[in-house]
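In the part that follows, the structures are each spelled out as structure tokens.
Look at the two complexes coming up: chain A is in both, with chain B in one and chain C in the other.
Moving on, here comes the complex of A and B:
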């Protein structure tokens, strides 16, 4: 086990507390850099989606995980970013310009959403952000002169420095990866400076934050704006990756997927956003597998255990019908969220930390290490 | 002119007069305690000063400036810090980052600088950390420095709240029942710290307290309240012998 002796204020400030971090993150970076030359094109495509979802996850973590303001409207921010890119692209605006414009516009709209949100707490804020998402969805469907309505918009490939970057090329993957890495580094910088600490303070006790001189309203709006802007950047990449966008892509389900990203990954650390993104992107192929192969497998098992071919066929068709039920994906998402909230509120990353500690302390690990701490009742909270 | 002054301060909740035309002054560098039975309006006065409540009438002056209409977050910027009766710490953060939040009023960096973590931000961070370490040393909090608040015992949290208030380098500190929930030893530690704050750091202290031994040990002057009104004002001994105060506590 490693003990860190702090001898300098830098020891608390630097991003990598010890040399082990350089090794592990260096290996990770190397793997990510050689990935496009090793992995199949399908997996690469999934990896690009992981990058985009993780970027949104980091954005949502800033707002929900660190500032404590829940949002079910991030699909709308993603849509605004995507449509800004698609619209400006029609007028031959270069990529860097519309990329930044999409982030700026989404950030501005995020701040505007933040203002009414100042008076709302918890579930009411969730309702307000859902309504915002519905409004945006409706506007995208109706404002046909700009958005093409329900017919959707085509998005051409990125043109960067005169080179056309196809959405399946390694360059596009590196672009997404760079955006993700820059987002993570920027967020980490924010978290180790006064603004990030103000966010956390607002999450844990608004009264105390106020009495420490934090302008709670201003910081909530800032948090909304930053979170929305990052989601806007991700929206541009999302539009390019799909090469076609239409209003029905940015539904409540997508917002829920983003919430799942951070809930499952872990809401207390940026690692959670990445792990959650991997989870949510990989669950789709898994569901397809269930749908395609499971009926046959189960029928085969039934046949092995002596069921007649008629019964086995019957079982196969029933399982197939169940697997292709309409709301199955939503139901599975719901079950996953419930299981995580009940049994692992710290998410995949929290579980990983526990496993890591187990091996670090082996054989001295105490079972009660992560038992819930006693929480003192705050009887007189001034809201 | 007094350092801090409340004039005819009133707070009414409908027909209930929680604070009723209370006037008092705090001199620079003194420790003034407010005592009184439960519901006398002590904590309400604190909440009025830190602008969690808006006074029904009356004015509050600090360093000859009218602060009655200041927004709550400006109160800390003027140099008034406070602690809470039922600890209001940032539960899911380390002690160090809790204390660094106390430094918020001294942070001057802009958002874009922080996103890039420019050298100016780094330099500022080091200044904050140096000040925080001084407070940690002052209050003997070294063992808990990197611990999460959610795992710490009540007595330690109480001290951390005091530390967070001190980190903002306040001119006036409002302590809302600093000894509630503390055992005898912790209370006596607290009394030493309160006196040290006055003598070493030059902080003026306004304190609400029930524990009369602590009040007697540290306060220069005492105000007794009941039903939102001032019963008596003066030295600890004078106030305790005042017939109205005795009546309020013992019921005559």
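Moving on, here comes the complex of A and C:
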């Protein structure tokens, strides 16, 4: 186990606390850079979605994880970013300009949503953000002169410095990766600045934060604006990746998926956003695998345990029928959410920390280290 | 004028449905401060249970209705035991996520078991209409209104006049203190979930002739009932019904008088406006936190 000796505040807030970080993140970055030349095009495509979802996850973490303001309306911010890009692209605005414009517009709208949200707490905030998302969805469907209504809009490939970047090319992947990395580094810097500290203080206790002289309203609006702006950037990439956008892509379902990203990843650290995004995006390939290969494998196992070929075939068709049931994805989603909330509320990253600590402290690990406190005196109503 | 009254009545009927689902939200919230996002899906499941008993097994309507309510009450208890009890006392957000997960699960499983077709239950109210002058009121809508009023009154009496209701209010205020006073908090929470699942079933069965039953009906209506509960100030039983009726009337008026598209958004716009002016809803209590 490594003990870090810190002598001043600068030591405490370093992005890379010790040299081991350079090695591990360097290896990760190298792997990500060679990925497009190794992986199949399908997996690359999924990896691009991982980058986009992780960017939204980071945005949501700033708002929900660090400022403590729940939002079920992030699909709307994503939609605003995507539609801004698609609309400006029609008028031959260059990519860097509409990329920034999308972020700026989404951030502005995020701030506008933040103002009414100032007075709302907990469940009221959740319903207010859901309402906002519904209204945006309906506007997108009805404002046909700009959004083309329910017919949706085509989005052409990115044209960067005179080069056309197709949505399946490695360059587009690097673009998404760069946005994700910049977002993460920017957020880490934000979190160690006074603004980030204020966010965390508001999350932990609004009353205490206010008595420390923090302007709660200002910082809440800031948090909404920053989170929305990052989601807007992700929206531009999302639009380019899909090359076609329509209002029914940005439903409550998508907002819930984003919340699942940070819930499964872990709501207390930026690692959570990335891990959760990997998890959510990879569910689809996993289900395809379940549908295509699982029946054969299970039938093979049944055959090795002495089942006749007729029984094995029977098993195979049964499993295939189960795997191709219509609502299987929803059911798996539901079970995963419930299992995580019940058994691993700290998410995948929390599980990793526990495993790491177990080996660091080897015979001395205590389960109670990570035990959550139950509060039976309900404070949410009397806040 | 006749159009207006007609729209008003159908809005009130629709609103009563929202109110019935919102009642379930409010019950669970009142007793445990848990917001149950799966309430709409419990309603959907109740509808399917009733369809199984009445439509497929051919039981008498009332017997099937009662059987469905009983089965769903059991189901509510099981759901509470498995999903909610282990995380009671943790932050509200985890419980919201757990119930969202439960909702996903129920919707998919219902889709797998009963398929994705629309089902219809033949009820004694499906056919007739009541005529007052030139006003035409369908029996199925009137039955919803009547059932809502009755259920609302019964629940209000239950919460305010019986010992068990008082115990529920006490455990919502402070579970630990309630436990020290000898209230079996766990059983109370269980009973609340049973009651709210039963109320949801009533909503589902009464709704069956109007909207049909399919696996997504819970999501659609639950998302409308939720603003209703918020509008009434989460935690007030009459408030839930009033909020539901408001949402229903706004929706049907907007559908009739305004351009297409307003119908679906109008309830949410009104909701946002109300939350801006009165963040704790129309009937909510405003309590300041003492430090």
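Simple rule for what comes next: the second predicted complex is superposed on the first by the 326 of 383 C-alpha atoms of A that agree within 3 Å, B and C clash if a C-alpha of one lies under 4 Å from a C-alpha of the other, contacts with A are read in each partner's own complex, and residues count from 1 in each chain.
Everything below uses one rule, namely that contacts are C-beta pairs under 8 Å (C-beta built on N, C-alpha and C of every residue); 3 or more make two chains touch, one makes a residue touch a chain.
All figures in this text were calculated on a predicted structure; none of them were measured in a lab.
Within the superposed three-chain model, A:207 lies in touch with chain B and with chain C [touch as defined at top]. Which of chain B and chain C touches more residues of chain A is settled by the count: it is C. In the superposed model, A:256 lies in contact with chain C only, and not with chain B. Look at A:268: by the touch rule set out above, it reaches chain B but stays clear of chain C.
Legend: residue contacts after superposition of the two complexes on their common chain; A:193 is shown touching chain B, with no touch to chain C. Once the two complexes are overlaid on the shared chain, A:12 sits against chain B while remaining clear of chain C.
Contact with chain C, but none with chain B, is seen for A:124 once the two complexes are overlaid on the shared chain. When both complexes are overlaid on chain A, the residue A:180 reaches neither chain B nor chain C.
Contact with chain B, but none with chain C, is seen for A:215 once the two complexes are overlaid on the shared chain. Across the two superposed structures, the residue set of chain A contacted by chain B and also by chain C is 207, 375-376, 378-382. Against chain A, the residues of chain C that register as touching in their complex are 33, 35, 83, 86-90, 92-98, 100-109, 111-112, 116, 172-177, 179, 215, 223, 226-227, 230, 234-235, 261, 264-265, 268-269, 271-272, 275-276, 279-281, 287-291. Within the complex formed with chain B, the residues of chain A that make contact are 9-10, 12-13, 186, 189-190, 192-198, 200-201, 203-205, 207-216, 222, 226, 268, 373, 375-376, 378-382.
The touching residues of chain B, when paired with chain A in their complex, are 47, 50, 52, 71-77, 81-82, 84-93, 96-97, 100-105, 107, 109, 111, 114-117, 121-122, 125-126, 129-130, 150-151, 154, 157, 164, 168.
Considering their complex, residues 70, 116, 119-124, 126-128, 130-132, 134-135, 138, 141-142, 207, 252, 256, 259-260, 263, 325-331, 333-338, 341-342, 345, 372, 374-383 of chain A touch chain C.
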